[in-house]
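I've put the structures underneath this note.
Across the two complexes that follow, chain A remains constant while its partner is chain B and subsequently chain C.
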Partner chain A sequence: MGKYLAMIRMRFLMMLAYRTDYYTGILIYSINIGAYYFLWNAIYGEKSSIEGLSSMQMTTYVAVAWMARAFYFNNIDREIATEIKDGKVAIEMIRPYNYLGMKTMQGLGEGIFRFFFFSIPGMLLVALIFPIELPKEPATWSIFGVSLLFSFIINTQINLLTGITTFFLYNNAGLIRAKRVIIDLFSGLLLPISFYPMWAQEVMKYLPFQGISYVPSMIFTNGYSSGEIGMALLQQFIWVVILIIPIQLLWIVAKKQLIIQGG
Partner chain B sequence: MSDAIQVKQLRKEFKSASSRSGLKGAFRDLLTRNYKIVPAVNDINFTVKKGEMVAYIGENGAGKSTTIKMLTGILEPTAGEIAVNGMNPHREREKFTQTIGVVFGQRSQLWWDIAVQESFRLLKKVYKVTDEQYDNHMEHVIKTLDIGPLLDKPVRKLSLGQRMRCELAAALIHNPPLLFLDEPTIGLDVLVKLKIREFLKEINEKYNTTILLTTHDLGDIEALCERVIMLDEGRIIYDGELQGLKDNWAEEKQIHFQFIEAVSLQQLQSLPFPFTANWVYDEKSQTYIALLKEEGDHISQLVSAVVSHFKIKDIKIHETSIEEIVRNIYEEGTV
Partner chain C sequence: MFYVSMFFQYVSQYMKTRLQYRADFFMEILSDLLNQVVNLVFILVVFGHTQFLSGWSREEIIFIYGFFLIPFALFSAFFNIWDFNDRYIVKGEMDRILTRPIHSLFQVILERIELESLFGVVTGLIIIVYSGVSLNLELAWYDPILFILFSIGGALAYAAIFIAIASIGFWSDAKTSIMPMMYNIGNYGRYPVDIYNKVIRFVLTWVLPFAFVGVYPASYFLRKEEWYAYAFATPVVGVAFFMVSVVIWNQGVKRYRGAGN
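Here is the complex of A and B:
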């Protein structure tokens, strides 16, 4: 366990070493939240609610969706791809730890760093500027926390899967970009799932993506009834378990396939 | 268990895609590709005893790095058996890597943007080294490699020589009984090379550490290794003492001549001898070199014949250096 904590600490140090990334990140997220706030304002106009969400809930949804993204989002797929492409993965394989486990920890380190130094201050700032409604019951906060953790795990698992495909494809920059768009779109970050046409909602029920952003954001905005919360958490959990299988299978094959590029 | 490394009939094949030529070929490659199976390591056998320092040499692409990667558990062999420290490196990777240290001269294992000591600290945790063990062992390593003042600098600010010394220290944090060094002195200046060699010798004596090193720098081998394993096209072509290599190949002597007047290669070649002498002209130093076997009075015959025909400015007799021996072997591909 010590080594995994050490790796999280290492990632903290790395985040601190890249200060510019940190500041530009804050800027980009503020712009996004601002832009979506004004966009939704225009869409709502005089209407008090659309698809069961009030305009206040919508603003909260946008703010929390982006702040949650700061926590669950990471680039470990791209990191794995680079490590494979320039052969650095060799160094990872001579260490007595599980490569994917360590990558997950690095993602978690990044997530925790941004959660405390980015999401929380960011959320406070957003709450001052925009009219948003924070949940009043402590239970909602803790359920949101659990759900956010699941969303981190699901997103990381999908990233690991995308990353591992580099072992077979060698150059999967396109796939990584496609994955990113798909997640932003189907996870409910840009548009709540309830705004999609019915048939699309049906399809998305069978995909893991809404567990990434839609579920925690809906919990935070009180958009779910208590029964729905239970179902949503269960669905997230099931996806966490299911996604382990393809990762492990691909990893076993990938290790055999491994070619260290560049001598 | 007295063998650190045991390798039996080890083989690694790579599938390499060959591209068809031309635009039409490129389109056909889209659908089906031609694959060729290329053996990078071809049924090799060897054992390394504990405490031995072995040089593993060969041309670029001979299969050295591939072997090292199989021995360290990175790659899975196509066929054959490996036992390193009594374990199968690929199958028991996580347990196994605890017992080895690896330095890849061409890749850094330190974190680029962070101070060296942070990398050390992480590795200390990764290898589960206690504070006491760390202090005992690393204090000495850091002092000997003279990296104390570098520890709080980010890796990207270090020079290659400084970084390499840190890499070596990083590979030794858990004081492994077996050390793999893949071109550890590549691109380093003479002083750093000497320091690293001295250090390796010292830990070998102190901890009986087994060292397997690949290198293109034959100075490393002469300074460190008594045993040499030479690889060519995936096969072992020589496994034995360094001295043996010298004895087999160094029977040839070189005699260097510089002349006062212009002399052509033909004139020299036309000198009659009862034995074969090969003449070579080295343009850079304007020297004519005669290569001949050291037998009987051949040298004196050759020298007297040359001296009596031409006016000489300078004459030197060279023994073949290790470098030349190795070059000759690489060119011919057999020992």
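Here is the complex of A and C:
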């Protein structure tokens, strides 16, 4: 356990050294939130609510979805791909820790850093600029925290899966880019899932993506009834468990057929 | 003439290297395509809940997006200089550029071309034709000419912003992470400017002229007469901003001292 904590700490300190890079990150996210804020305002026009969300809730949704993305987002799929390509993974595999576990911890270290130096100041900044309603109940905040942790795990698991495919595809830069676009769309970052046509919602029910952004954002904006919250959290948890299976299976196969492409 | 032949030599060289890795080449095009599909899905889903966006219909918004893709594709193919500072100034590559007998900016652009982005022109045209037909837009004989002029004007406006920002590198060594920010601001130009407040509208028109890439020129073809003045200004604005940015670039080159190692 100690060595994994050390991993989190190291990644955190590494990020801290380059913290100035993140100030522009906050600005970029704020610019994106701004674009969607004006767009949604125009979409709402005279309407007081769409699909049960008021325009104020929608602004909050957009803001929290982007700032939560700063926490759960990481590039470990690309890191795994590079480590496989330049052969570093062979050294990593003989070290006394679980390679995938170690990658997850690095992602967590990065996430914790961004949570404190990106998400929180960013959220304060956008709350000053745009009309946003923060949850009043302390319970909502803690449920949101749990849900956000699940969303980090699901996103990281999907990243691990994408990363492992490098063992079989050798060059998967395209797949990684495609995965990012698909997650932005299907996770509810760009559009709440409830806005999609019914048939699309039906399909997305059977996919893990809405656990990444839609569920925590809906909790934060009070868009769920209390029964729905329980269901949503349960769904997130089930996905966390289910996704372990393909990761372990792929990992076993991958270890057997590792080909180092140089280094 | 020399510049034209240089251009084609670089292009043929580029094609050779790119076609060496065909799978990668097609993946790039595919992932651009996927991005465009996502943006279209967004528009379609949103219009499942509203009839008009500040008075613009669904097909009109789609038309604007389709038009935006064309100057944007031209820009991404030929002005891929977002990492100019890291690639040329920090690494000292600019020294090499300056010893050669063609204009430095022209050469940097040639070295960084990315022709697969031109595929966006095809997607843009398909979207425009689809939405144009469903809107029953009528074409005058001179419209294709205006279309080309507006597209080039928009691409130049876009390029001007990025050239001006790349030139900052000549004055300050600080890592410029302004570039990715510009790509995000550029997205504001994909939607009608009347949805924004006055300040943003002013910025998008006169400071960072992103509105001239999408909504202004497109409004001419959509026959929105209240925007005609801006639409017809597109080529002028594009050329004017571009000339200013080249002047800034030239001033910067004079100040360039090399990174030294």
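We take it that the second predicted complex is superposed on the first by the 257 of 263 C-alpha atoms of A that agree within 3 Å, B and C clash if a C-alpha of one lies under 4 Å from a C-alpha of the other, contacts with A are read in each partner's own complex, and residues count from 1 in each chain.
In this text, a contact is a pair of C-beta atoms (placed from the backbone, for glycine too) under 8 Å apart; a residue touches a chain by one contact, two chains touch by 3 or more.
Model, not experiment: these values are computed from the prediction.
Enquirer: Mind checking chain B and chain C on superposed chain A, clash or fit?
Expert: fit
Enquirer: Touch check for A:L258: first (chain B), second (chain C), both, or neither?
Expert: A:L258 sits against chain B, while chain C stays out of touch.
Enquirer: Per the contact definition in the header, classify A:F168: touching chain B only (first), chain C only (second), both, or neither.
Expert: Neither partner.
Enquirer: Output check: A:W141 vs chain B and chain C. Expected answer is one of first, second, both, neither. What do you get?
Expert: It touches nothing on chain B or chain C.
Enquirer: Classify the contacts of A:F116 with the two partner chains as first (chain B alone), second (chain C alone), both, or neither.
Expert: Touch partners of A:F116: none, neither chain B nor chain C.
Enquirer: Name the contact category of A:I31: first (chain B only), second (chain C only), both, or neither.
Expert: second
Enquirer: Rounded to a multiple of 10, tell me what angle the C-alpha centres of chain B and chain C make at the one for chain A, in degrees.
Expert: 90
Enquirer: Can you work out, in whole Å, how close the C-alpha atoms of chain B and chain C get once everything is superposed?
Expert: Comparing every C-alpha of chain B with every C-alpha of chain C, the smallest gap is 10 Å.
Enquirer: Please write out, lowest number first, the residues of chain A touched by both chain B and chain C across the two complexes.
Expert: Comparing the two interfaces on chain A, one with chain B and one with chain C, no residues are shared.
Enquirer: Residues of chain A touching chain B in their complex?
Expert: Residues 2-3, 5-7, 9-10, 13-14, 17-18, 87-88, 90-91, 93-98, 255-256, 258-260, 262-263.
Enquirer: Chain C touches which residues of chain A in the complex?
Expert: Chain A residues touching chain C: 21, 24, 27-28, 31-32, 34-35, 38-39, 41-45, 47, 50-51, 171, 173-174, 177-178, 181-182, 184-185, 190-191, 195-197.
Enquirer: Please name which positions on chain B make contact with chain A in the complex.
Expert: 14, 65, 69, 72-76, 90, 93-98, 100, 102, 104, 106-109, 111, 113-114, 118, 121-122, 125-128, 154
Enquirer: Going by the contact rule set out above, which residues of chain C touch chain A in the complex?
Expert: The contact residues of chain C facing chain A are 23-24, 27-28, 30-31, 34-35, 38, 41-42, 45-46, 48-50, 52-54, 175, 177-178, 180-181, 184-185, 187-188, 191-192, 195-197, 200.
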